[in-house]
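Presented below is the structure to which this report refers.
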Amino acid sequence: MEIMQVMGRLVCTQRVEGLGHMHLRILCNNKGKRLVAVDPVGAREGNWVFTATGTAARWGCPDPNVQTDLTIGGIIDHWNPDD
Amino acid sequence: MEIMQVMGRLVCTQRVEGLGHMHLRILCNNKGKRLVAVDPVGAREGNWVFTATGTAARWGCPDPNVQTDLTIGGIIDHWNPDD
Amino acid sequence: MEIMQVMGRLVCTQRVEGLGHMHLRILCNNKGKRLVAVDPVGAREGNWVFTATGTAARWGCPDPNVQTDLTIGGIIDHWNPDD
Amino acid sequence: MEIMQVMGRLVCTQRVEGLGHMHLRILCNNKGKRLVAVDPVGAREGNWVFTATGTAARWGCPDPNVQTDLTIGGIIDHWNPDD
Amino acid sequence: MEIMQVMGRLVCTQRVEGLGHMHLRILCNNKGKRLVAVDPVGAREGNWVFTATGTAARWGCPDPNVQTDLTIGGIIDHWNPDD
């Protein structure tokens, strides 16, 4: 799993049905690249989280049929990116 | 999911049967690399979209047996790549 | 799917049974790296093709049990890598 | 599988149920990037380990339904990163 | 599939049961990075091989339940990395 920071929400009026009503978050990885993840844990802007990819991303959702390849797996209690 | 921009269509007369009649789009990622994705949402040239990989790419299609490893999951309402 | 160019054939006398009698091609990606792909469409040296990875690579073969993680999905009609 | 070094534990009070009670480790890859892995073998800080991704990461756990995309597969007896 | 060179064996006394008794090899990719792969074909030090990832890595083993995400698929008869 990778460690990323939550930047905000993503609004997509037009999207595939497979995502259901899951919330989408914009995350920033360690290289400054922004990615989109499904959030089943309720992370907030600024939180440091770890994310799962692949089939594990689907297992992380209440409904494993959700069309996601990146899902937040947990919020890290304490994280210093410069450590 | 990654954020990419739609560059245009891809024409392939000779292709595997597993792709069916799905439309193929040329996308450009954040590093300027061009990729090919299946488009079930009807994205247009210039649109910013997010894409799913792996098995999630297949779940995003009406027929999950489609041979795709990259599928457009939604069109982003507002996106500024320089933010 | 990624866009690559066919460089030639790959000869491997000693290989796993899971590949059956599928033809193997050497491809070159956009960074000049050479990769090995299964070819169910009959691509020739110099052709520009797009490739699928993961489980989609297996679905692209007549027999989805083929042990491949990279399969040619189609031959692109017209492609200019410098566009 | 990749070769990484164990840096320590990761504490996440708020995480998805799919991870169960598995221990999480912070690993460091060959580029200095820190990643999070599930640890079924009992690795300690400083150990050199190899890790599996994808569905193999789940098969490496006692319960293959665990939502992980990175699992420690073994502790390497002797490893010199500068070799 | 990627093309890599066999560097030697990997000894791990303490490893997950899911790997069974499969031999582990240390490979070197085109960037000089060392990786660990399962070897069902009997490759020797110095051999150039191609490798499969993901679920294809498991299908390449006699037992597809083996916890591997990288498996040697074949030994290349002739290979010049500088071509």
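Letters A, B, C, D and E mark the chains in the order given here, with residues in each chain numbered from 1 onward.
The rule we apply is simple: a residue touches a chain if its C-beta (ideal position, glycine included) is under 8 Å from a C-beta of that chain, and two chains touch if they have at least 3 such contacts.
Being a predicted model, the structure only gives us computed values, none of them experimental.
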Exercise for the section: Moving only to chains each one touches, count the minimum steps from chain C until you reach chain D. Expected result: 2
Handout entry: Separation of chain B from chain D, taking each centre as the mean of its C-alpha atoms, in whole Å
Key = 32
Fill in the blank from the handout: The distance between the C-alpha centres of chain B and chain C, rounded to whole Å, is 20
Fill in the blank from the handout: Where chain D touches two or more other chains simultaneously, the residues are 53-55, 57
Exercise for the section: Quick one: what's the order of chains around the ring if we set off from chain C and go to chain E first? Expected result: C, E, D, A, B
Exercise for the section: Please give the residue numbers of chain D that touch chain E in the complex, ascending. Expected result: 1-3, 30, 40-42, 50, 52-57, 59-60, 71-78
Handout entry: Contacting residues of chain D [partner chain A, same complex]
Key = 10-16, 18-19, 24, 33-37, 53-55, 57-58, 65, 67-70
